[in-house]
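In what comes next, chain A is part of two complexes: it sits with chain B in the first one and with chain C in the second one.
Presenting the complex of A and B:
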């Protein structure tokens, strides 16, 4: 029987979130806290000729004004290439140039407006193609001159290449020459924004004895501690990072960004508490966004509709600073083909500096972008072969016996069962062959399909941990370093723990806010890895707890430890279950009727470190970067007006191999939420830059997100092929709903309009232009 | 009248309580609720009237508290998420329908839904619900959960 796994329990923090009691970073008391505001660059690439802060300093209530001269340190998770405040040059419009600390926000804002800056513009590069063209302006004079934090980033001197990964197997060139059908397609996709509803924000305070307290809306409390400690040479133990509830992250709150500025601000005013808030406009233009992507894909198949070979190049537009983007280029290479069996492959994946806002991880770590390209190409090839695009995918689905692009041998446990996902989504979406059908004059309905897969790209030695303590009533408290930002990871962990302890999940309390001083280190709340990494730590902590309960039980019940069982909040002997001790009487040691003290207080602890992962071989790309894959299949159905180029999205279906359904409603809603983000991104979202590289109108009035009334009918199905090495077999799932949606939408619209649409976002205007400009 | 430097005194009725506060003429109602009264349920998401995370009720109608000056709010009945009572049908419905993930937009959506219930005591047609809820953005859910919560709210009242 199941105690907790498979049950649709409510989120642990549900009532806090409907009463306004859930506290987010900027909800904490604001008395005796100074305010900081940023001045940002109005030039995409230029030399700072003059920066005059004297008028700002003269404003009553202004405590400090900082510029690049005040902070020589460089930052970044992979290479140290980013200053906290621009020094001498600005590399994107929106880059922080100066920071004002004042007694309150209006004063800080006033002072920001009094800072005088003059830029001498340099030529800006705004796409990977421009950045890689001969004679292109260099965003960084010496991209290979920066200190590397990790070994596997490969910047190239004299170019805008921040890193490059190559994956190769077989002989793609030769195999393509022998194919019966070959398609080639180029893509150029714009960057876009995360738009977590809570704007990024951070606070800092330094005590008289040098202890630093950072409170921040972050997915990486331990990353904040590490980067600040290394950059400012503060012992890590002197830095305490606190993360209350986070109002959405989607990868955008994984980088260390405002925390650095908040610390600098506090340092400049003798350690006083400083609160750094940025307006939505700066959250879009200045804080890291989603990558842009250019791609060139060549795919070949035989007459029997089997894909033989692929030649792929991805150029990720990482903007002005590398941040985590080199690893997204790596991730794109690792999963470059999509979940298909392709024997001959050659893939180059480049991370390219441009004068856009720097990019960072975004829900699914570049998979939402490159999957668009590969899945469009697969559709084109299916059409060439004359095969139903869904059948074509079944025919080519990766399965045991195949090898992944980086030559990992495929097993069901490792990769799951894509064929079953495709078969199930066929039913769920009422797939009808993927052809457009006129339902009335000018109105066509059509469906499009796309597959998804994703493995993770964490550091090969990333860690997690869990601590379990008991309350006097026998309920437990679970402490982890997992951030609650909406993905429900903590509720899943509570269910994993309740199942393992065979107890009511209602008796598991979860400590939601993270404090790096009290919670065991958890790498980052990213990559949908909570259930795998923290899940393992929870399982081990539970084992530790159970061993202690058995030891106490053996002493209290005076029988061998092997006979002791734990279930339903009781400790008992298997031989005599009627004689049991409830948790409340045994978890703080046991007091016998004779007032004898027996056993010890029970505390569970578990740690977990990733094992068996490798860096990619620099020549062939051979290697295993993540514990396993999640696969899935998605279908989008549209109704278009072929005269006006407008359309409605009727339904979106996903069948995902989640391994094990821990909580059906949480999983369903997380996958539907991912689909929703994919629909929004693919149908309307793009960061728009003018010719000078200035972001146009970065606000939610012109950057429209999907709102209620525009959403399709979402359908979610599960496949439960377990991953043997994961708690209860669960796979990563929380990001993945987004991955194939843009491609499925484009495939559906292409079928409906009878034209190949290889662009994003798919707005009526852009569709009209693409069709008008397409050579007949 | 007491003169503060650049400030003026307003009397605000929030969640049934009367508060006397010194505010600048330019202070947003949202900021005054959060910073002076500690009612942080209303959230800043854009301070431009685009996202709805700061929605409260003014005399029973939803308003974006970032588009209202504190001085304009005098003489009106203000209701924030903290004033819903903690176990109102709309709150129960949101929990049961799993109508939130990160929870940041939730207070705003709760207030729009509660306002809808005030102005339309019986479940209106779907397009009316859509019209009302279009004012607010949610980046996490698929919106289907929120629609479901609206229906459940009407079943509970």
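Presenting the complex of A and C:
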């Protein structure tokens, strides 16, 4: 019998959110809170020749104006390469240059407009190709001179390379020479934005005795504590980080960014509380965005349509600062081929500095970008081989007996069953061979398919934890360090706990806000690892709780502990279930009818640390970076007008190997949400820069997301090949819905227009241009 | 957030509005006439304008008119796009109003604001250009009513302090066969890549366009070509595209070349419609 797993229970925060009562960082009332505003660079790369803050300081109500000179520290999760405020040099348009702290926001904004800056422009590099060209301007004079936080980042002196990873197995060059069919394709994909509904915001306060309180819209409360502690030499115990609800993160709130500035601001005014909320334009141009990517892919197959070899180069455009991008380059290397059985492989993945806004994790950690390239190349190769692209993928699907690019031996538990996903999506999408069909004059319908896979790239020693306490009615409270940002992790954890305790999930209350003082450390709410990492911690905490309940039960019922069962909110002896004690009478110890105190109050605790992961071998790339993989197959159907190059997206389907369906409705909506984000990004989103490297129109008037009313029909199917090592077999799933969608869209549009479209975003104008410029 | 204070002034009569403007101008307050506020609020927030005062026209009765008499349709300048749309009195204008911004904003943006604002598309002007509309203005000499085209050449050319009171559309145009197509970059609710409005009146196709060039236009030369019976449809379109009154516009939403291409495909579709009967 299932108590909670597989049930479509409502999200735990549903009522708070639909009634508008959920509180976010900037909703929290603040009496006596000062406001801060940023002045940002209008130059992509340049020397700050003059910075005059005197007029701003003269504005009544201004408390402090900070510049780079006030903060010598450098920041970053992997290498310390980023100043809080530009020092002497600006490296992207939008980079914070000065910070005004004032009695209120209008005053701060007025003062910001009075700061005078003069830049002496330096040559800007705006793409990885430009940045790697002979004689290119250097974004950082000494990229290898920065302090590393982790060992496996490899900046190269005298270049713009922030890191490089190499993966090699077999002999790709030789194997390609022997292939019957070979395709080669280059790609250049622009950066884009996260556009969480809630813009980034943070506030800071320092007490008279030096305790720092940060309230922030962050996916990494513990990362905030760590980076602030290390940079400012504040003992970690003196830093308290609070995260209420987060209005969407998508990876963009994993970096530590505004928290640093808010702390500097508070420090400059004697520790008074300061809030820093950036307007949407700065949330786009100044805060970290999604990577751009250039790629060169060569794939070869033999006569019977089996992929033999791949040569792949990825150049990730990480913008002006490294942030987490070197690890995205690593992640791109680890999963470089897509989920296919390929024996001979050579892949180089570079993380390249440019004068773009610096990049950070974005839903699926670069997989949405490189998967576009590899899945387009796979489609091209399938066409060359004359095989239906979906059948071609089944033929080449990774399976037990294969090895991943970094030479991990594939098992069903580890990687799941891609073939089954493909077979199921074939039915779900009513696959018809992937060829365009005229339905009336000038109007063609077509479908495109793409696969997805992803493993994680956490630190090899990342941790999570869970605490469980009881209420007098026998319901439980679950405390974790997981941030609720819409991804449903807390609800899944409640279901995992309810199942383990054999109780109604309605009796599990989840503590939503995170406070680093009270919640056990959870690495970060990223990488869709909540169910795996926090799930393990919850299972252990539940085991701990159950053991204590059994001990109390044994004393209360006077029988051996082995005979005690716990289910349905009761403690009872297996031999005589009619004699039971409800939770409310036993969770705080037991009082016998004779008023004798028995047992002890019950408190569950569980911790979890990742095990068995490794760094990649620098020569071959051999190694295992994440606990397991999630695979899936996706199909997009379009209807295009071949005359106007406009199109509609009719449907998007995903079949994903989720391991175990914890909550069908929640999982469906998360996967549909991923598809929606993929459709939006691939069809219309790009950060557009002018020739000087100034981002054009960073606002929502012109940067359009997919809106309600234009959504296609989303179809979701599940495959339940369990991951043996995970709670109830569940796999990471919450970000993955995006991964194959851009490629499936491009494959569909290529079929519909009868031309190979290898670009993003796929706007009618860009399609028109590509087809006009391509020789027939 | 608008980071500065400004005076809010809400006159009840046209005279008071004009006097307030003159007074505030003299005091160096840089006053703006205010109706729906969507442009003033967003531009003040972005720092591109800094009005010291706004004069809200929404309480002036003459500016609120929405009525039809035996000769003309009268539309007050502060009627919202949604009011104009829902009145259903001028179907072509209703189509234009229904494709500007989203419903929430259509309930705030006014006809006058769309015509007199700085956002360059001014799509409500297209039906007015086609319908031989006239406008009533209030300024230094009091009221004056003039042909729309005499004060609109892609943007409103008003005297200092003058404001739009009403728009008048001859009845004849209201029910004429018409055509309206707006193509955006991708998203349905967006500025136009190209919007074309057409009206079939007196056996003649009238065409006006927004988005294509820096400013909206109606061109006699272009209409002559589009109505040339001796030319094939393809030739008419080709020649019409060569007759742009200004260079095609180029910005982050679309290149000049692409805008011309879109214009061409829209004209082709339009002429296709015309050959199948009067729109």
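Operating definition for what follows: the second predicted complex is superposed on the first by the 776 of 776 C-alpha atoms of A that agree within 3 Å, B and C clash if a C-alpha of one lies under 4 Å from a C-alpha of the other, contacts with A are read in each partner's own complex, and residues count from 1 in each chain.
Going forward, a residue touches a chain if its C-beta (ideal position, glycine included) is under 8 Å from a C-beta of that chain, and two chains touch if they have at least 3 such contacts.
Note that the structure is a prediction, hence the values are computed from the model and not measured.
In the three-chain model built by superposing on chain A, chain B fits alongside chain C with no clash. Looking at the shared chain after the overlay, A:106 reaches both chain B and chain C.
Once chain A of one complex is fitted onto chain A of the other, the partner contacts of A:29 are limited to chain B, with no touch recorded for chain C. When the two complexes are laid over each other on chain A, the CA centres of chain B and chain C sit 40 degrees apart as seen from the CA centre of chain A, to the nearest 10. When the shared chain is aligned, chain B and chain C each come close enough to touch A:709. By the document's definition of touching, neither partner reaches A:403: not chain B, not chain C. By the touch criterion stated above, A:644 is placed in contact with chain C alone, chain B being left untouched. Judged by the touch definition given at the top, the superposed model places A:684 against chain C, while chain B stays out of reach. Annotation for chain A, partner touching more residues between chain B and chain C: B.
Contacts of A:250 after superposition on the shared chain: chain B is touched, whereas chain C is not.
Touch criterion not met for A:232: it reaches neither chain B nor chain C. Minimum Cα separation between chain B and chain C in the superposed model: 5 Å.
Overlap of the chain B and chain C interfaces on chain A: residues 106, 279, 701, 705-707, 709.
Listed in rising order, the residues of chain A touching chain B in the complex are 10-11, 13-20, 22-24, 26-27, 29-30, 106, 195-199, 245-250, 279-280, 485-488, 665-666, 669-670, 672-673, 675-677, 699-701, 705-709, 711, 713-714.
Of all residues in chain C, those touching chain A in their complex are 1-4, 45-47, 183, 185-191, 193, 252-255, 258, 261-262, 265. Of all the residues in chain B, the ones that touch chain A in their complex are 24, 26, 34-35, 38-51, 53, 80-82, 84, 86, 91, 94-96, 98, 100-107, 110, 127, 129-131, 133-134, 136-147. By the touch rule above, chain A contacts chain C in their complex via residues 105-110, 113, 279, 281, 643-644, 646, 683-684, 688, 696-697, 701-702, 704-707, 709-710, 763-765, 768-769.
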